[in-house]
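Note that chain A is present in both complexes that follow, paired respectively with chain B and with chain C.
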Partner chain A sequence: MTSDNVIETHALAKRYGDVDAVHALSFQIRGPSITGFLGRNGAGKSSTIRMLLGMIKPTAGSGMVLGHRIDDPKQSLLIRRRTAYIGEEKGLYAYMTVEQLVRFTSSFYPDWRPDIEQRLLRMYQLPLRRKVKALSKGMRTKLALLLALSRRPALLILDEPTEGLDPVSIEELLQMLTGIAAEGTTVFFSSHQLAEVERIADSILIIERGRLVLDVSLDHLRENYRRVTAGFPARPPEAEFRLPGVERVRASGRQITVLASRNADAIVERARSLSAVSVEVEPVSLREIFLDAVRTDAPAEAR
Partner chain B sequence: MPVLFQGLRYPPVAPPKLHRWWLCGTNRARQGRCVGCRLDKPKSTTVSYQWYSSVIFKLNPSSGQPLYLQLMQQVRHAVATGVLQDGDLMPGIRTLAEELVVSHNTVAKAYTELEHEGLLELRHGSGAYISAKRGVKSRADRVRAAQQRVRELVNSLQAEGLSNEEIFRLFEAEVLFPHDLPPRL
Partner chain C sequence: MLCYKMWRETRTRLLISATALAWVCLAIVLTQKGNRAHADPPLSYAAYIWKAVYKGYVRDFFLILVIVLGGGGILQERAHGTAGFTLSLPVSRCRLTFVRAAVGLAEVALLALMPAVMLGALSPQVGESYQLTQALRFSVLWTMGGAVLFGTSVLLSGICAEEYSAWIVCFLSMMFYSAAVNITPLQRIPWLNFFKIMSGAEMPYFNSADHLLVGPLPGLPLLILPAIAVGFVIIAARLSQRRDY
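Moving on, here comes the complex of A and B:
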């Protein structure tokens, strides 16, 4: 490997007809870490993941996963050998029993680890003789995880893994993800559950309409993003708050709210110098940052 | 997210009797896990128990402070209050990350920083031990003693008629710009 980036893309793009699904996407992910991949429905998350796995060909740009090129069929095979993917539909054969499916899947991978398989089977308490179609959603997710983890992948990609799970199963899944990341697997997952992402991820990527809008570590985000609310005796001059690091200014009556990605102190200073009667600085949750990042000024075009 | 290391107590108490799964009588025991007491089947009859210090850490993901800093502060606080004491074994990075359901990088960063501070000793392959022999406590004592001396000095200066502002400036100048001052008499 030339670098220790697990995933690396340069101006990756995918067009379907005249729709730009993914546009000039460039990012790097270092391992082992946990990365949350966020975006609205149809923002291009699944397309990006499919390109990384070589399931679809990028229209333009290039990408490397685990040091292999994603658009080369031979190297894509090497990627898939060391990468596990759990999609929205888990892709499990419904007519097999759990035991059959585990044996069937294991025969494809020479580096299958029976010890991990046994440990996970015990931990998840999966009914060996039940058919996959009779499993609950949570059990199916656990089975898919088992099939993925028994190969000890270097990279685990999940597409909305917590969708449709009950709170207990979600908690177990998150615990599992933190556990395998600690063992050296890089986890890359897309999700709409921002509170979960905020808990376990090291960094996040937010894409909107195929474009990367935010690529930041959560520690940086917690340290620097602030919302400053200031009250004034008279109508405040909104333009005075256009400082570097200010993402959004909203004025309502005599109050002004500023969302800042850095420089919160300078904004407080400015508010004080404009004789604000009250200044409040609060941390910002990932939910607000996400909503701000994907906020569309124009109504989203029909797709 | 309050997390208590389950079944682990501080101060350490004697480990419980081994669960004799083969006498348990439940069918599930054959699968290696007993439903009656939820203990895994021991691999051998000699099981070594390691006791972590049980501390409740609470990390708030939306508090505007990096999680590793929150964790560091809580360890420091636990040491200051004596909940964690010198030689206590902290859970491993992986264990704690899984218990708190945060990324291992968060715990690793907190542990490394705490090690730099000298509050934690990472012994390879053995674990992370609290190291609060002298540094922290004696420092607090030294500060307390210094505070007493400063109080006496300030009282006597006030008695001589200096204003608080003047005393404050003198201190400030002495600490911040010691080289710009006229040589001592």
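Moving on, here comes the complex of A and C:
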């Protein structure tokens, strides 16, 4: 494993009884960057995150975060010292006030930055004397962010950070994530909100049924992923389009649609050589790629 | 600051428990005259207090409250949605368990002091007196006995996901233990019965004629009981290290 990877997993697996929650998951994330971790409900996102943070133990495989092994309790402490985590539930101690929770959390981090804490308190307008249980979900997310960011973590892991937030809060959160990534923090977040991921992420990982089905940078995706739609005088032979870079071919009447991760020019060439009457090449949205990647009617190996 | 977290999580339970125990002690002292007169033969005040408080249902009530104080922990935090936050702190699971146990044991000691405080304050109000040193010695015995049950409760709350399940299983364990040391041949060895160690019944450091503790408290049992409690806490910590949350 290389030391400049912020997160690195090799054949990481987690099994609950007969269920493979995560299966042979291998990926690397270099920092500082923003990585969107996508997948349907139950795809294995939360299990992966919890393995990275040492909350659950891998059944097989290995993983490193910030150069420390995730399955070693002592090294896991070192990981957590430099990693901030905001879970989907934004579960904070309901019985504490905002002020008490800030004091409590800051006591665990010698490198806590009171200047950042004060700046975020002002920015988020968090009521210091109010108990956490009396805060709205948006306010709780802001408090969780304050607790995470006031110690300038090397890695920020968020599980569904925008879940339950109003559009204004979502916008503020996305701007904040972009800002801290620019300051050197690596952001790794799971989400179902593809438009948000597409807006701020540098790269994406898509996981389906515990298996990694796509690991790509968004720049690569924007530059190379194309949808080629070709019309023919008669029903075209689908097999002719099984070319390198073709992810999916769908025929409908006399029209054929090809989703390509590269090699779009060759596909266009092939369509023209088969006497296509029309050929259109369009960029592909992350949403389309995601839906294609998590299609249940195709085995992972065939994608 | 972990102590502060544990204290905040248990202080309401402690306050309710202490208040309940105080009320029971108050009721016992206020009704002493009638109860003692109806006893056959009539009881001295010390004998009445021993039978009602230190050997009676107040002791059992104290032990139930101790079980309740032992509940909580990471497994129960999962139900409240805060386990992720706690486990993301740079603190080992062992430390979490040990700090929780330390705070809890201190609370058990505080709870064990309640009868001493109440008896000391209330007895003169009804024209009686109960020696403070006597009451404090019982508090020591209660603390040590309570520690065992507290350790059991901590251990079970690391095994049972539901807080109420841990309490119920702990209560049933206490009943089973009580039956084992009171009904089976084990009853011939009173030192195996921590209820008796707590009350002094059948013990050489207890004078059954005047119902008072006499001589020094038993050193070895008072070392063994907390050692058992610490053993349970260590097992709970080891279990928490292995468990997925």
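By our rule, the second predicted complex is superposed on the first by the 295 of 303 C-alpha atoms of A that agree within 3 Å, B and C clash if a C-alpha of one lies under 4 Å from a C-alpha of the other, contacts with A are read in each partner's own complex, and residues count from 1 in each chain.
The definition used in the following text is that a residue touches a chain if its C-beta (ideal position, glycine included) is under 8 Å from a C-beta of that chain, and two chains touch if they have at least 3 such contacts.
Everything numeric here is computed off the predicted structure, so don't read it as measured data.
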Clash or fit, chain B versus chain C on superposed chain A: fit
Touched partner set for A:R129, first chain B, second chain C, both or neither: neither
Contacts of A:D202 with chain B and chain C, given as first, second, both or neither: first
Which superposed partner A:L77 touches (first chain B, second chain C, both, neither): second
Touched partner set for A:R242, first chain B, second chain C, both or neither: neither
Which superposed partner A:S107 touches (first chain B, second chain C, both, neither): second
First, second, both or neither for A:L53, with chain B first and chain C second: second
Touched partner set for A:R222, first chain B, second chain C, both or neither: first
Lowest C-alpha to C-alpha distance for chain C against chain B (Å): 26
Doubly contacted residues of chain A, that is, touched by chain B and again by chain C: none
Touching residues on chain A, where the partner in the complex is chain B: 32-34, 122, 125, 171, 174-175, 178-179, 181-183, 195, 198-202, 218-219, 222-223, 225-226, 282-286
Residue numbers on chain B that touch chain A, as the complex places them: 1, 31-33, 40, 61-68, 93-94, 97-98, 101-106
Chain C residues touching chain A - in the complex, by the definition given at the top: 1, 4-5, 8-9, 80-85, 87-93, 241-242, 244-245
Residues of chain A that touch chain C when the two form their complex: 50, 53-57, 73, 77-78, 80-81, 83-85, 87, 89, 91-96, 103-105, 107-109, 144
